[in-house]
Amino acid sequence: MKKIETIIRKSKFGEVKDALHQIEVNFFSYWDVTGVGNEKQGHVYRGVSYSTSDIQRRFLSIVVSDPFLEKTVAAIIETAHTGNVGDGKIFVSDVIESYRIRTGEKGADALK
Amino acid sequence: MDTNAVLDLMWVVIAGILVFFMQAGFTLVETGFTRSKNTGNIIMKNIMDFCIGSVVFWAIGYSLMYGDSISSFIGTPSWFFSKPNEMHNLFFQTVFAATAATIVSGAIAERTKFSTYLIFSLLMTLIIYPISGHWVWQSGGWLAKMGFTDFAGSSVVHSVGGWAALVAAIMVGPRIGKYTKGKSNAIPGHNLLIGSLGVFILWFGWFGFNGGSELAISGEHANNVADIIITTNLAGAAGALSAMFVTWIAYGRPDISMTLNGILAGLVAVTAGCAAVSPAGALAIGIIAGVVVVFSIDFIDKKLKIDDPVGAISVHGVSGALGTLLVGLFATDGGLFYGGGFHKLGIQAIGVFAIAAWAITISFIVLFILKKTMGLRVSKEEEVDGLDIHEHKANCFNE
Amino acid sequence: MDTNAVLDLMWVVIAGILVFFMQAGFTLVETGFTRSKNTGNIIMKNIMDFCIGSVVFWAIGYSLMYGDSISSFIGTPSWFFSKPNEMHNLFFQTVFAATAATIVSGAIAERTKFSTYLIFSLLMTLIIYPISGHWVWQSGGWLAKMGFTDFAGSSVVHSVGGWAALVAAIMVGPRIGKYTKGKSNAIPGHNLLIGSLGVFILWFGWFGFNGGSELAISGEHANNVADIIITTNLAGAAGALSAMFVTWIAYGRPDISMTLNGILAGLVAVTAGCAAVSPAGALAIGIIAGVVVVFSIDFIDKKLKIDDPVGAISVHGVSGALGTLLVGLFATDGGLFYGGGFHKLGIQAIGVFAIAAWAITISFIVLFILKKTMGLRVSKEEEVDGLDIHEHKANCFNE
Amino acid sequence: MDTNAVLDLMWVVIAGILVFFMQAGFTLVETGFTRSKNTGNIIMKNIMDFCIGSVVFWAIGYSLMYGDSISSFIGTPSWFFSKPNEMHNLFFQTVFAATAATIVSGAIAERTKFSTYLIFSLLMTLIIYPISGHWVWQSGGWLAKMGFTDFAGSSVVHSVGGWAALVAAIMVGPRIGKYTKGKSNAIPGHNLLIGSLGVFILWFGWFGFNGGSELAISGEHANNVADIIITTNLAGAAGALSAMFVTWIAYGRPDISMTLNGILAGLVAVTAGCAAVSPAGALAIGIIAGVVVVFSIDFIDKKLKIDDPVGAISVHGVSGALGTLLVGLFATDGGLFYGGGFHKLGIQAIGVFAIAAWAITISFIVLFILKKTMGLRVSKEEEVDGLDIHEHKANCFNE
Amino acid sequence: MKKIETIIRKSKFGEVKDALHQIEVNFFSYWDVTGVGNEKQGHVYRGVSYSTSDIQRRFLSIVVSDPFLEKTVAAIIETAHTGNVGDGKIFVSDVIESYRIRTGEKGADALK
Amino acid sequence: MKKIETIIRKSKFGEVKDALHQIEVNFFSYWDVTGVGNEKQGHVYRGVSYSTSDIQRRFLSIVVSDPFLEKTVAAIIETAHTGNVGDGKIFVSDVIESYRIRTGEKGADALK
């Protein structure tokens, strides 16, 4: 099993979600984070203008069984992509074990 | 000034101050019913339409509305209103004009260009509102002469705003993601608590709106004012009750935002007849308006696919027209249900349609020109990210 | 109508509009002091009790309270109040009745069934409030005849609401997780800023509540009104000060939510005597109320283990009773401290207990029946997830 | 009491109630423009300065301001104001005194010790405000005798507050992180929606502030009141418009928080002359104030490096002084632009500087003593974590 | 050392926390996430009814030394369990190194 | 590649961020979490005083290529350190693969 963590534009979330459902990745969790990266955003507050690289983004954590890894990554890259600085990242890491709390199932079964 | 005149002036001033406060109510309803990323833009729209309106209506609008009638159609223009004993009237009429303008804001929220909105809002208080207002509220206006009754402005203020909102919402188009695959999607408002505070403030101000429209309180006016306060309150309460029960039946649960709209619908509807109907009549008007507003919002959203985030078209346009018509049924003097026959109802219908035709036509012309010149809508990117960060380089909510 | 009558009517109408706005204050205090997952439900309760109350009190409640007295106990019922010169009184009394009803809402927040609440609230404005109100505010009522003083309703409005809240909070039971292992746990309110705005709105409205209860402003009434405004303001300020200092000593820090309750306690307490005490007397009453409310909230929570999320029982029930009693001490005419002996104090005590007995008994009966029929409480799942999503299928706060 | 006196009393009471509500406006503006971790502390400051002020001003402050003049400098003190026919005046003046006190709060937000603030605020309503107020508003005061015009308190209330705020902000020092490497950093407010609601409430209350300062409405006063309502409204609107356009040019976008400050600047500036200038004059004053406030905030922040989170120094101090001076130009009777020459302008300038000198000197002395004894500022840790959790052991916002 | 990431119902958080304290797992971090999964929740907004599988959940991140792994997982499964769809998941992965910032301690010591 | 997850005091965030920029770690994501640990904080609500070990903290997720690991950890320890209980933790784990959504780049290139 692999954990795919991806940081995307909030405005791309709808499309990414639809694409994940398309390839039958129906389970994941997400939350909003602040991303620090290449993109900059201009602000003015009471005459003080400041530009910040701290931009609101959405963080998705998706655990999938190994056969799903590749197409999930591909789906995210395709839909979250705009070509502009700030599109975000995908990180893949290993998961040793998964459990479904409801049933106690383990391993890939817990992910179905 | 004699005591009666002082009393009348004082009442009009106090009522006007209450109506002023409705601007805060409109701001809160609109921000509460929309997404937080656009809150700052909505604040700016609601503040600036009032500020522009205050200046413009004093500068010229008031005279177009109340100046000596030219062919019963428009008042004689004169610059910078300054009749020495009438400043309280200027104030009261200014806050009314600003109300009509601000109604449009809600229907086109979350996607409209700020600069275009400012121009439109200016024209609203400069031309659109004063002209139809002249027809009804200047004794020489053609609808006034006909005997059309719109005591505090169900049509003159609310419907004009509502029909302009209808045209604007169509021409600006729906928000991105509102209609996909022919289906209407919910875009929940970000803070119904703020929205409901807005409704309370509006209701609070409405006592000034309707009660103040008596324009006097001395002598026999006093009881009229008290009657108006009661009819206004009962209609608001009835609107809430009927909207709540309708949604309870229709969706299986008493719906919060629809109940809030029900209150407003009841208040808008009774505004035309608040001085002409009995308490029971007001209750009936409120009940009808509360039912109609739910179906109207539904119909406009799901069938017509016009995206109106706060329900302004239904609350102000539809309920305003409805309430004006219902005067023809419920007026204790001349209403159909009180043995007055169809005469009054007919006149009311003429007024409703004349005002709707005016508001729709002129709004279309103005918006069409604005669309071709400045453009009505922000870019896709601005809309998705939120208007605040692009139009105002700021976020409204921070740590 | 002569000028004096116009002045009086105008003052009552304006005061009534201010009292109306207190509904918004109650809504904000209750939502601010509770968790965000129940906000929509609280909005609905506060709106609907006012709407139901407006209709019911006009339909029949007003006559039960102010109709010709039957055995000094209840007014002669008559349907759909319509005395031509009294609509301002109907309005003023309606907003009072709705206040009594809305007090209960806070004490049973976050766990009570919405439909049951609606019924209870209806009965509150239909029967519970008008009957004890009749005893005091109809000149033929038995407490009125005895010389009982409750000028603006410390007992008639606030205690009745507070005691009903006490019974309701006991019968509904504490929120899940409030008391575990015999210990009281804190369940912090979600937004004290909104709560404090609510307190400001209530204070603002209270000037209408107490000042308007003079029911006139012409002639010699004018100075009475001004005196009432001052006593009201000083008592609120004193309540805040004493509650703050008590918590500063007791908890080591000046406590925000208790200070807010201290203001309300001072205002509730002075409501009975605002026209009968001197400014210094009002200050004293406010100080006492501010101290008592802190210990009362503590006692009810930690010793009695009654879960009252907003402190309604202490703020309205206890402070209302206390303030009514204190008139017996501080009334410049007849109070113990002004050489009037124990006579007045005795009458005040009788009134306080009679009203408490009535409110507690009738609330118990009504709630007992409701418990056996509809049930008082939502399911555990609904409570944990929040009432908004289950009772109204909506979240109040979104993106 | 005769009818005219009743009318006047009633108007003063109603206006006073509106001014009271401005306290809520100040609270919301200050909390909205600062970070959420300090919200509870700000609520407490704004409530307690009003409560302390209410008690102190009644106890002694009012007599120091309005008592028989001692050498045209201060009123004869007498304890516990109790003139039987003047309670409405006490109320109206109390809410004014509290306004002056509360202005300081915003400029020293997010870093000041709560206990020290309470003492300072007490001295503000006890001494600082009444003495300079005596000079202008007691007919025997030296500025009053000279013919200085400050109708509703641009200087007496707002500048006194603003200059005290200036001294306090300097002595307390900037918030941690506000100026780093000689550069000013933005610390955005946490909720501009709440801030804008505050501005609406202030505007609403300002009609009472300026209109009520006529202290009468009977006879010829009535039209004066109506004129004041119009000048007040136009100046507020003009302030918003000019601030918005200035920021649009300067920063490339219409700025939300500056536009809000523009409204307040326009209102503050017209307060001195609202009864002395024409509508067009009020418009001009508002436009000037709206421009000046933007540059003033900029200058104080970036050049002087004085940290004023809400812009209180510019909005109240600078705009108040500016508005007082502008009376010398725009007064229709005696103003430079109306052919009155430099005489009036000279007197206005003397008043502005005398009041500034007084407020700055006495505030400095008081704050210097407080700094050496109690200390002005919380610890670094308290400031970083937020004052709420340390000063009040509570969070304002929870789940 | 292992990282246990678990997504649970918010209403179960209190019980899970108590159970963790019971077995001496006194350190963890949590935040609220939106979970996409099998469970659906009905909403109505202004007459548009929609059911969403986006449900508010709580995400716990717990790093434990190896001997604690099993009982931690067991405690979570036991207390977060209701038997209804939507109980959530547990994911276990490897942690290479841990540091306590206060002392600079490394490894299992940092977790005590 | 390694993922560094660290939980720090919110008041230390500014310094940590600056230190990360200093060593050229310019990319990361962060969000606010509630930390349960050794530190306790006293509260009073309506007369009920309670002390809670649930304290607001900031969670940083930083993925770096291997050569950056050591200095990143060192920089965090140095700047997030106050010496008082509650300074927080750092956890290091393996990342198998990283992608930049904008370009599709993989591996260490995606992190530059």
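Labels A, B, C, D, E and F are assigned to the chains in the order they are written; within every chain, residues are numbered from 1.
The definition used in the following text is that a residue touches a chain if its C-beta (ideal position, glycine included) is under 8 Å from a C-beta of that chain, and two chains touch if they have at least 3 such contacts.
Quantities reported herein were computed from a predicted structural model and do not represent experimental measurements.
Which chains are shared contacts of subunit A and subunit B?
D, E
Regarding the subunit A and subunit F pair, does the interface count as same (over half of residue numbers shared) or different (under half shared)?
Different, since under half the interface numbering is common to both chains.
Could you see whether C-E or B-E has the larger number of C-beta contact pairs?
Of the two interfaces, C-E and B-E, more C-beta pairs touch across B-E.
At what distance in angstrom does the C-alpha mean of subunit E lie from that of subunit A?
Between these chains, centre-to-centre, one finds 19 Å.
In whole angstrom, what separates the CA-based centres of subunit B and subunit D?
34
Compute the distance, rounded to whole Å, between the mean C-alpha positions of subunit D and subunit F.
44
What parts of subunit D, by residue number, touch at least two of the other chains?
Within subunit D, the residues that touch at least two other chains are 3, 7, 10, 14, 188-189, 251, 253, 255, 257, 392-395.
In subunit F, which residues are in touch with two or more of the other chains?
31, 43-45, 49, 93-94
Can you name every pair of chains that touch?
Touching chain pairs, listed by label, come out as A-B, A-D, A-E, A-F, B-C, B-D, B-E, C-D, C-E, C-F, D-F, E-F.
Flag every residue of subunit C that touches subunit F in the complex, lowest number first.
184-189, 247, 250-251, 253, 255, 257-258, 294, 297-298, 301-302, 311
Which of the residues in subunit C come into contact with subunit E in the complex?
177, 381, 384-385, 389, 393-395
In their shared complex, at which residues does subunit B touch subunit C?
Of all residues in subunit B, those touching subunit C are 3-4, 7, 10-11, 14, 18, 35-37, 188-193, 196-197, 199-201, 203-204, 207-208, 211, 217-220, 222-223, 225-227, 229-230, 233-234, 236-238, 240-241, 244, 251-257, 259-260, 263, 278-280, 283.
If we count contacts the way the header does, which residues on subunit F are in touch with subunit D in the complex?
11, 14, 41-45, 49
Taking the complex as given, what residues does subunit F use to touch subunit A?
1, 3, 17, 26-31, 61, 63, 93-102, 104, 110
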